[in-house]
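Shared between the two complexes below is chain A, which pairs with chain B and chain C, respectively.
After this line comes the complex of A and B, so read on.
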């Protein structure tokens, strides 16, 4: 059987309730946008394989409930992520203010080398905007993150932001990936390697069934 | 991770994809915000539970009870409801048996109130809901509740309209609960629970039923640290080990923690997970026997 991907890793979506995390994910994985959908209770995930510089990357994207009390549950998944989207809603000043809290949680619970990116979603709702684009850029700069304004509704910057975070994770794991090229018949499961705390030697063959 | 029902028992795949499915039919979408508030009832098809049917679907294929059987059951249930205390004291087994057969749809809302004891609680606190209803809620809770109103059963006719009666009542019930139990406040999983109740009874009755669920049936499920749900997740997993060691081993190996799949099942009492006809039957037994039917 031909291998389906070269590398597997996990991304995580966090941010206040109602900022559009689930919609971002649906747009990216299924290219769908549903004005009518249900709130996320607990944790959910979707998968997608994309091609980055000739590397087939299988990403598993975890979607989390935004309400504060679910964090006792969702925090347990921070440590399993290689990349994290911090999402706010440009029509909600409060969701932007809360990014600070989300970022400090990431510092506390996520693994050290985790890649982060800041997202200001609902960019199509210009008439309701409460957070300027420059504010988003400034905050991202302070945290040393990349920044995108996105709209799941109009499909604006969705692919770009997901691809960017994927690239950042790939770059952060370049060493393991170079090893991969040598032993190109194997899949590299970054998620598993990180979790088990093993040192990657490039010949990892921990093929797992996530389907 | 199955997502919510809504289409009754159309087909397994349809019911699994559930409410996340798009309302791509422009006719349905245009029904949008104000048709319900204005009392304008555009022509739209629903199944017998009130969920919108997309035109190409043929509705449920459930086995229907004959009218005679249904009438007989209704008569039996009416007798029980009129003499509830006597039945509870002396013939509880019979009540349970009748719940197992399924409560007749026309009496389901009333039966749930009697089974849960919410009826008694409401009668003991005659003006409480009106009082809570007239109070302003804590902005912290009001804000998050408002963001959830249009995200509960969006394909049910009661909740399809933004700001419609269903969503208004949902707000009243959830806000009242945050005032009734300010120590607990609002948990997002309470919204689908309250919505299911509102499909069967008015706001005040739904409020007291919600109180019973949160305090008696699922204590601690919705409170600040969500400890109860995490504990139940571990219990479920150890039960799985006994029942199916193979499944247990596989899930363990793949690091699929119970909290990943059971959170929504349990916190929403399966209302988003099972085909709708099954949700109602599970809830009949849930009210009759308590949480362990879900375990």
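After this line comes the complex of A and C, so read on.
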């Protein structure tokens, strides 16, 4: 049986309530779209393995609740992320304005060197647009991020944006990856490399979980 | 982990769904095959092999476990956060705020002449009848274990022999006609009919024994008595039968007075974010066919907004909305034919007075429920943090349990169905 993946890391979705974070995730991992999704309570996650330049990358994507009250909980996840999507809704000026706040939270709580991209979701709802594409691009430029307008509904730019962030994270960890290419039999777990490298000892997997 | 058989029982379903062709090779998968978790597999393989099982797309526990076991690691600073949460939430401040709101409100109520002598009485009822099954964890355990101990006084047996209460009496309790009730009773199994009868006896009073009712409810509440049972156990309805009607009327008035007083302020700047969040969340609730009916959406908006405005320490928090639904659905159920799904009811076809009752009842029952878990929703959510911590501790002791709990939560969250 082939190895399931070469490298594992975590991405995080943040942004105001109702901008479509969960929908982006469902479209990407399951290729499904539900126009009305239950609101995310606390955090949730999904996983997918994608191939980037011949490397099998297993990504855990953490989805967060947008409402402010949950931020004590959601902020605990910033620290463990290697890549972050900052998501706004092109039909909501307000959600765009709030990107500033989300970005400063990232500065405060995420590790240095975390990769970020800006997402303007609901691009299919052109008739309700409140935030111009140029505004998104401008903001992204200010923060030095890549920018994508996406639509989970029409599956526009979903794969592209997820792949892009994945690539960015891979590039940022080139050093470790070169090591991987040399000794390609081992799995590389970025998530664990960056923490205390606690690997399963083989007989029982004793990791804890609380979703 | 020694209780191999117990686990086998517990995961029987998913084991059966694993086709016999799967042969685990250690090291061939990530995370590594865990013999502890798959301990029962090899025994079942031989049995299932003869009948080839089609690999249906079911989410089994094994699948879940292998998909997620690399998802977590232990965070070292959770303690810090917990401490922060505890610090930031000063219970006294919260209580004080809450009391102030209630006080102000009570004054206003008195001016409006909605409150009379009942007030005092109501407070004493509150003290006596706080719903322990909702508000206190330790009592859950207690009553669950108690219910398994045979009653030494033989009280239950004598109860069984007692003459059944005439249908009319219990029917009147629920505001239903007796024909409706007896109609609902037909087609029940003997055991169900017997349980229903026990409920009716308890409910008929003159004072319902709430402890007994709670015990009886542990294995489920029969539909015909569900709504009144929930109202009693949540502490909304008084145990005394004679006082129930009056309480309901008064509480309904009180609720609609809140609406008059506060609801216009939903677009005020101070309340905008609350109301907006409610409006974002309601259309995302399930069951859609019910919630998306304009009349239902409006009811939910009012209930949630009023609750939020009267609980400033918490305000509206995502997830609270889902606590209204069970009450609403059960209370609507009183006015829906047995075979009809509540989700398909045209709510606007119900009489206005009925809807007002349902709305007020849903509001009060939800309020009672939230009274016991408010720290899940206050700043930094200390209630949740504590529970997560407790779960973590538990999990560190019993490794297998962790996955089953996670699995169940995950299953429930991803497939929340109202029934």
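FYI, the second predicted complex is superposed on the first by the 195 of 211 C-alpha atoms of A that agree within 3 Å, B and C clash if a C-alpha of one lies under 4 Å from a C-alpha of the other, contacts with A are read in each partner's own complex, and residues count from 1 in each chain.
Definition applied: a contact is a pair of C-beta atoms (placed from the backbone, for glycine too) under 8 Å apart; a residue touches a chain by one contact, two chains touch by 3 or more.
Being a predicted model, the structure only gives us computed values, none of them experimental.
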Report task. Look at A:102 in the shared chain and tell me whether it touches chain B only, chain C only, both, or neither; answer first, second, both or neither. Result -> neither
Query raised in the report: A:26 contacts which: chain B (first), chain C (second), both, neither?
Result: first
Query raised in the report: After superposition on the shared chain, which partner residues are touched by A:60: those of chain B (first), chain C (second), both, or neither?
Result: second
Report task. Report for A:78: first if it touches chain B alone, second if chain C alone, otherwise both or neither. Result -> neither
Report task. Would you check which partner chain A:88 touches, where first means chain B only, second means chain C only, and both and neither mean what they say? Result -> neither
Query raised in the report: Touching A:43 in the superposition: chain B (first), chain C (second), both, neither?
Result: first
Query raised in the report: In this superposed model, does chain C or chain B come into contact with more residues of chain A?
Result: C
Report task. Please indicate which partner A:8 is in contact with in the superposed arrangement: first for chain B, second for chain C, both, or neither. Result -> second
Query raised in the report: Touching A:147 in the superposition: chain B (first), chain C (second), both, neither?
Result: neither
Report task. Jot down the residues of chain A that show up as touching in both complexes, chain B in one and chain C in the other. Result -> 17-18, 36-39, 41-42, 44-45, 65, 67, 69-70, 72-73, 76, 195, 208-210
Report summary line: Touching chain B in the complex, chain A uses residues 17-18, 26, 32-39, 41-45, 65, 67, 69-70, 72-73, 76, 94, 195, 208-210
Query - Complex contact set, residues of chain A against chain C - result: 1, 3-5, 8, 17-18, 36-42, 44-45, 47, 58, 60, 65, 67, 69-70, 72-73, 76, 79-80, 187, 189, 191-192, 195, 198, 200, 202-211
Query raised in the report: Inside the complex, what are the residues of chain C that reach chain A?
Result: 25, 28-32, 34-36, 67-75, 77-78, 81, 84-85, 277, 280-281, 283-286, 288, 315, 317-319, 321, 377, 379-381, 384-385, 388, 391-392, 395-396, 399, 402-403, 406, 409-410, 413, 416
Report summary line: Per the touch rule, the chain B residues reaching chain A in their complex are 1, 3-4, 19-23, 29, 143-144, 147-148, 150-155, 160, 187-189, 191-192, 223-226, 229-230, 254-255, 257, 259-260, 263-264, 267-268, 272
